[in-house]
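Chain nomenclature is as follows: A, B, C, D, E and F, assigned in order of appearance, with residue numbering initiated at 1 for each chain independently.
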Amino acid sequence: MSNDKRPNDERFERGARALAAIDGRAGQNVVDALADIAPDFARYLIEFPFGDIYSRPGLGLREREIATIAALTALGNAAPQLKVHIEAGLNVGVSREEIVEILMQMAVYAGFPAALNGLFAAKEVFAARGG
Amino acid sequence: MSNDKRPNDERFERGARALAAIDGRAGQNVVDALADIAPDFARYLIEFPFGDIYSRPGLGLREREIATIAALTALGNAAPQLKVHIEAGLNVGVSREEIVEILMQMAVYAGFPAALNGLFAAKEVFAARGG
Amino acid sequence: MSNDKRPNDERFERGARALAAIDGRAGQNVVDALADIAPDFARYLIEFPFGDIYSRPGLGLREREIATIAALTALGNAAPQLKVHIEAGLNVGVSREEIVEILMQMAVYAGFPAALNGLFAAKEVFAARGG
Amino acid sequence: MSNDKRPNDERFERGARALAAIDGRAGQNVVDALADIAPDFARYLIEFPFGDIYSRPGLGLREREIATIAALTALGNAAPQLKVHIEAGLNVGVSREEIVEILMQMAVYAGFPAALNGLFAAKEVFAARGG
Amino acid sequence: MSNDKRPNDERFERGARALAAIDGRAGQNVVDALADIAPDFARYLIEFPFGDIYSRPGLGLREREIATIAALTALGNAAPQLKVHIEAGLNVGVSREEIVEILMQMAVYAGFPAALNGLFAAKEVFAARGG
Amino acid sequence: MSNDKRPNDERFERGARALAAIDGRAGQNVVDALADIAPDFARYLIEFPFGDIYSRPGLGLREREIATIAALTALGNAAPQLKVHIEAGLNVGVSREEIVEILMQMAVYAGFPAALNGLFAAKEVFAARGG
């Protein structure tokens, strides 16, 4: 039979490309860490957020990362993912200055502690990337 | 004495201009509703979020509203403010399509119920503005 | 047998007195509303929060209501209970001005939307109690 | 060409069957309400939660609804979805008594207001379905 | 005097038995850690959640732990307690596979970061208990 | 020109005095940590929360810290700030016993895990201050 692709291969491949472009090594680390406990969840993570949502044409990747950084800072209970997306923001063209502005703005909507914790997360990410 | 301005007049005036430009009538409604219970809080609302934060040059208003819409949708406990900022997004150049994309993306970070409630809020705002 | 009390009667009675003193009619309304769906939960509500916690001597009722009003405003997902405790605060000696100050302060820790929603809840409670 | 299915048709069809079996009319209402604002999101809602997650064999539907009712009650900011899943729980074999127990238990993990709001949501759902 | 029990002794003893059966050593560790700062809170923890709620007959312990694991994962701000209840779930007959399913399902209701953090907590608990 | 003050100098100086009186060294540490990433945010932190809110006359500092400790415990996602404000509470006259009472009370409004995490934060702060 000529159709040897699983039904979702296209979503998966599109998602894997998006994940690599946006999150770089950090995205792959999450996928690897899931391998022994929930490999299907790694697949869903690639397929739905990245294969479906981030691959949609109606909003730029820069705008998508601005939205994600804001949301994760406001929620305040997802520090590892916030760092991954501060990296991702830098990868898709959000500047350090813009990221700091987004984080400061979250003081208005989620309070000063949420903004402070976001700023200290950014400080770590910026330091790890250097100068 | 020639210096008849209160120390914060400049912040207040800058904030009032930003509030009017961004939130339009909805922002003034909030200020009016505070008049009899907490007039100082109306002043703080104008001075800090709008006079200080939204007036900073490091991030565009379009990007600021993308961040705010994302955060309020993710938090999920501020429906009236989310509607005000969906309006505000439209006022500063975020398109309806982009707003819908931001709201859908929040399913990834805050769950499908948060995204659904955001989409239904947008539906109300879009309907009230017409066509 | 002379000991005809159930083991928890003392907690229940102490809790019922505390509930009446603090929440007044609003507390009884909650108890009544639970009667047909979860009467045991009404009993727990009287026994644990009111019979155990609010009846402890180490913190005054005024201070307890300040803590509760702050927490419910910050959480932002318990509007009916916030109104009950704004009433309760007034019942145990927290002034309207103090309540407004607590609600405004929550802008710092939970964001302006949480504070605004708290202020509008207070506005309704104050109006219902009259000038 | 004989393969006229879109790649995701299988997921969609499996999800649509699961949605109908679990949420009944309420699930279809959500899909319908999304039709004019975000039809793709209706498709994602069918494909990912229902086509992927709820269709997995490793956990029974009864257990899945217990988990969802607990989570939505604890989060406290998704009242419409909580009602849909209280219905869904009843549809897949969770009894009224069990639902009330789950909701009461949430007082331990998310506080009494979250539990109370969950119980009052259940009261409405039970009343609408009749005695 | 013949009645030498304190009024709540029965609740306390029932709760202590339930805590030991459900949480094992981890529950006792929490009680021990409270001894010097809030010994009464250790007593309340035994009496209300375990003596009252978990000891009720209307819902099985397996179902109660499914609900608790779901809620703590969704809330996302109680990592130590989530680990205790992943252990507790295993103690009362929820399988590793079922726990992983519950955690993955939380992506739908609280977002992928909450689910990921839950899965990594489970990975630690499973590893500590061995293969 | 004789008016050489920037418009906000008065707010800043009032806020700096309040921050030093309330948070002591811990407040200055936060300001210092922001110096290289977001110095303007350090200024806002001094001006709005401390120069505006904490300096208002309508509520005592003791009551303000009770409210803040309660809110941060209930939110559960701001551990470093909670410790700073447990210190601050002690600095402005809230006793250790009162702080423990506030933290225990949060079990009622935000669940036992939030209260437990607050109590363990207090245990660390009390131990670091000695005796």
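Assume a contact is a pair of C-beta atoms (placed from the backbone, for glycine too) under 8 Å apart; a residue touches a chain by one contact, two chains touch by 3 or more.
A quick note: this is a predicted structure, and the numbers were derived from the prediction, not measured.
Asker: What chains do chain A and chain F have as common neighbours?
Answerer: B, C, D, E
Asker: Of the pairs D-F, A-E or D-E, which has an interface that repeats that of A-F (more than half of the contact pairs shared)?
Answerer: The same interface as A-F is formed by A-E.
Asker: Return the chain pair with more inter-chain C-beta contacts, choosing between C-F and B-C.
Answerer: Top pair by contacting C-beta pairs is C-F.
Asker: Centre-to-centre on C-alpha atoms, which chain is most distant from chain F?
Answerer: That would be chain D.
Asker: Between copies chain A and chain E, are the contact residues mostly the same numbers or mostly different, with half as the line?
Answerer: Mostly different residues form this interface, as fewer than half of the numbers used are common to both chains.
Asker: Based on CA centres, what chain would you say lies at the far end from chain A?
Answerer: Using the mean of the C-alpha atoms as each chain's centre, the farthest one from chain A is C.
Asker: For chain A versus chain D, what separation do you get between their C-alpha means, in angstrom?
Answerer: Each chain's C-alpha centroid was found; their separation is 27 Å.
Asker: Report, in whole Å, the distance between the mean C-alpha point of chain E and the mean C-alpha point of chain F.
Answerer: 31
Asker: Provide the C-alpha centroid distance between chain A and chain B, rounded to the nearest whole angstrom.
Answerer: 24
Asker: Quick check: what residues of chain C touch more than one other chain, meaning two or more?
Answerer: 40, 44, 48-49, 53, 56, 72, 74-78, 81, 100, 104, 107-114
Asker: Could you classify the connectivity of these chains, where an edge means two chains touch, as line, ring, star, complete or other?
Answerer: Complete.
Asker: Enumerate the contact residues on chain A facing chain B in the complex.
Answerer: Residues in contact with chain B: 48-49, 53-54, 56, 58-59, 63-64, 66-75, 78, 81, 97-98, 100-102, 104-110.
Asker: For chain E, which residues count as touching chain C in their complex?
Answerer: 3, 5, 7-11, 40, 44, 48, 52-53, 56
Asker: Taking the complex as given, what residues does chain D use to touch chain F?
Answerer: Of all residues in chain D, those touching chain F are 74, 107-114.
Asker: If you look only at chain E, which of its residues touch chain A in the complex?
Answerer: Contacts found on chain E: 75-77, 100, 103-104, 107, 111-117, 119-120, 122-123, 126.
Asker: Tell me, which parts of chain F touch chain A in their complex?
Answerer: 30, 33-34, 36-38, 40-41, 44-45, 49, 72, 75-78, 80-81
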